[in-house]
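Both of the next two complexes hold subunit A, though its partner changes from subunit B to subunit C.
Let's look at the complex of A and B:
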């Protein structure tokens, strides 16, 4: 069997291996968890053109349900992860079913409003969710006999799941479904005239995105040993949109880079400077004004710019096109 | 037996009756043109056939069954393909992908929908390339669709409709906005496909319509005021009064 490894994959595997050397393990782990969360959103936002402002609905729901099972029933890790993926997908199917009936601004507001409904349910239902205090005491059971309490051990487990998620998402965006979703983003009317059931395809994107969010939610709960109320709140939904935009929405690796930038900035700079969100704001403005494709586009443009500068005069005109 | 037949097909938008009791029969394999001044209801008529609009009343019999009110994505699966008056493509996708998506939609089964790589459907890719070859775009297959000229985009528009392997092809002003040169190219293309597909053509360029069509229906204020062969239409006094005006018979 032929096995080709692209440069992007080499870079990501290198990053996975090297990150815990330079960054605190908990932060390194959070980066890859958040990246899984971003991969799910990117399928909706970047590929299908559906700006969902309610991804925390699926992330939080999965974290609460799986957290509850881990805490009170001591289920094993695989069951917890499986339940999280299913809860993420099912909640996304329910929310998505309602949202895909509308488009544009109304769609965005629906994802947001439904997110708020889930948030206030979690806020009020204190006997189960712990309300404002969150749901503490989430255990981290051993994985196939390995103790994953040590930060590096848990990091490794998360990193493997992240690489697996990235591979699965790569398959999905390169499949016919990935193309169909892009076609819907580009021209819904034409996609429909070709014979694609547009609402159903959008719903499929929701379900897949929800499954990724669910997986991320459970990993997050096990990382910190708690399901905080914020994990189902709209700020969290906004953060993943933010991170994905900075990295580059619509390209497979965009949310991965975005997650790295976002989590790393928020965790390391925040300890030095309390007004760190200002930096994020500036980054966001720059992205929106100049690099709509985020870091990924900025990177690509940098290489084109360099090639043009280095090229002899004759080639210059050609390369700048 | 006609491939498609409408019976007193009507569409009203409030007080406006855009299509008024239109009854047309289209013979299998023929090229049937629909002409008429702007606002005569030609495009609305197309939108009724493809399911974009639900008729207010009347029937559309396609291949023996009534399809009035069927949603567009199902109509496409019955084998009705269309091109749009205003170019309707997927601008950032490659030209090949534009056509490939049309071919994939008509697959009997969507196996591997979310898992198999899209470039691992050799039969579909081959078919898409054949269609691109027929409209003369195969050399640009890898380019994003937004980068080609308007004339080429009109050819792509046609290719997308063809790749869906339609039994009935609806062409809504394929030569809209084209230069004389490009128009000639487009006319040659449509002529090439005549006979291979059953075609309903909306076109403003009367000389094109007169030389290519088997039959012509003339619409005016939502109604069909005349139908016949090009010769009959040219000699019809009512048509000349309502529409042809300055064109010599």
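Let's look at the complex of A and C:
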């Protein structure tokens, strides 16, 4: 077991090192940022069985707050990231507190509706957020004296943070909390009967997931130098759900491979056709209708069991499908 | 009242089929665009108002038949992705077929201008929308409470297996329920077009509102949907008077407040 896990890590580190050789640096960076975002969602969706359709709330809020501090107060990178994580966690705590009151369909609808609330707040609060135009001019201050303006330098910083996030998430899902969340997913009544405070555990999952989303949000803002309004919109929430699902939710590495495929595909298609969300929609439908039992599950299994051995090549071969 | 209409439609779909319908907003927008095109083609507002929702309903049948039907056994996550994907497809198709730029649609000549209500001057068309939406809500309520089909549909919300055991074709029930919900969304969209104009994203905020209405009312609770729809509409217009920028966010704040006090929703049982 120990051996297998270390192999997975080897594969991921290899992917992190090799990716910028093959893919444009900005896209490579975005892939790992999105993967951090997906890790947060996966804790909720894959492990706790809570299908949150509002992850962009935490992503966007953190991006806006940290972006504002970076832009107008020139705070340093660590403070910005820290603030982002805190904002993500706090907004997730607020949203989560309301959402865990309900379950099933209501839960999904609530996460979505609250996402809309944040979206419209950002949309209308133009003096701070820039409304539809987004919040441009986010600086990328130097990190410990290193200049991270060059794409590759920033990529490295993000990649390190991604590996760190993955390690933390691994620790979390293997911790008692992670096990309890899985127990809740499998049988909520039973978990409650065993004496666990189910709503509180769900809330904890929200907070942790929100913190990851927040981190991803700040990195995203610094990558593009702008906080676009879409970053808090529900389409963004849907994208991360999709990415996590195609990668295989409930597996630690699922969102990683999912975001790789998703970002890589959408970036290559979006440069070709302005109406690419149409293709995205078609892709959603096709995957859901025809490849649900097939590719997704097989892929997840493939990833868990086999891809561990030959990640970089395996990942790219699969992505081209 | 339009909110109530959206809420009931969504409530029927979510209640009977037990799926999160994220395409509801896009279908709402489609209703508006169908109305626009139908008027362009036949030049009669009333006929167009009849045809547009039917067109949306027809599309609903196709969607249910070709997609949703295959996913009843799958989890909510896949159903959500399907309807979300559909909403992207519908929205982008609207952009391609019509245009990304907003359009406007005049109400029919008889309904232009305003009426003097004594205390205030009110646009005729808005009055018409209010009255017709109220009638539709009433109609939907009568249909669901007083007719056999309505009874089957309500039974479907309560207990699907039992309905199936009574020898009722549950799949036809699902198709019918989905189509009915789509028709209601289509009507709401068509009625809205002359008030707010058309744009491809008009369904997005409506979708959020419909979810709020359902969450407040409880699934399948029709009277609750009406009350919640009115409450949301009222809260929004009152806030719009004093603080227009916040009027949309307020809806969600109302929901959050209600859920804090009553987690099961205003009228929810479950």
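Note that in this section the second predicted complex is superposed on the first by the 265 of 321 C-alpha atoms of A that agree within 3 Å, B and C clash if a C-alpha of one lies under 4 Å from a C-alpha of the other, contacts with A are read in each partner's own complex, and residues count from 1 in each chain.
Going forward, contacts are C-beta pairs under 8 Å (C-beta built on N, C-alpha and C of every residue); 3 or more make two chains touch, one makes a residue touch a chain.
Just so it is clear, the model here is predicted, and its values are computed rather than measured.
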Please indicate which partner A:196 is in contact with in the superposed arrangement: first for subunit B, second for subunit C, both, or neither.
-> first
Which partner, subunit B or subunit C, is in contact with more residues of subunit A?
-> C
What is the contact status of A:278 with respect to subunit B (first) and subunit C (second): first, second, both, or neither?
-> second
Go through the superposed model and pick first if A:230 touches only subunit B, second if only subunit C, both, or neither.
-> neither
Touching A:208, do we find subunit B (first), subunit C (second), both, or neither?
-> first
Mind working out whether A:120 is in touch with subunit B, subunit C, both or neither, as first, second, both or neither?
-> second
When the two structures are overlaid on chain A, which partner does A:188 contact: first (subunit B), second (subunit C), both, or neither?
-> neither
Touching partner for A:267 - first (subunit B), second (subunit C), both, neither = neither
Please name which positions on subunit A make contact with subunit B in the complex.
-> 171-172, 174-180, 182-183, 186-187, 189-198, 204, 208
Residues of subunit C that touch subunit A when the two form their complex | 14, 18-20, 22, 67, 70-71, 74-78, 80-82, 84-89, 91-93, 95-96, 204-205, 207-208, 211-212, 214-215, 219, 245-246, 248-249, 251-253, 255-256, 259-260, 263-265
Subunit A contacts subunit C in the complex at 45, 51, 53, 98, 101-102, 104-106, 108-110, 112-114, 116-117, 120-121, 124-125, 234-235, 238, 241-242, 245, 249, 275, 277-278, 280-285, 287-289, 292
Tell me, which parts of subunit B touch subunit A in their complex?
-> 50, 52, 72-74, 76-77, 82, 84, 88-93, 97, 100-102, 104-106, 110, 112-119, 121, 160, 164
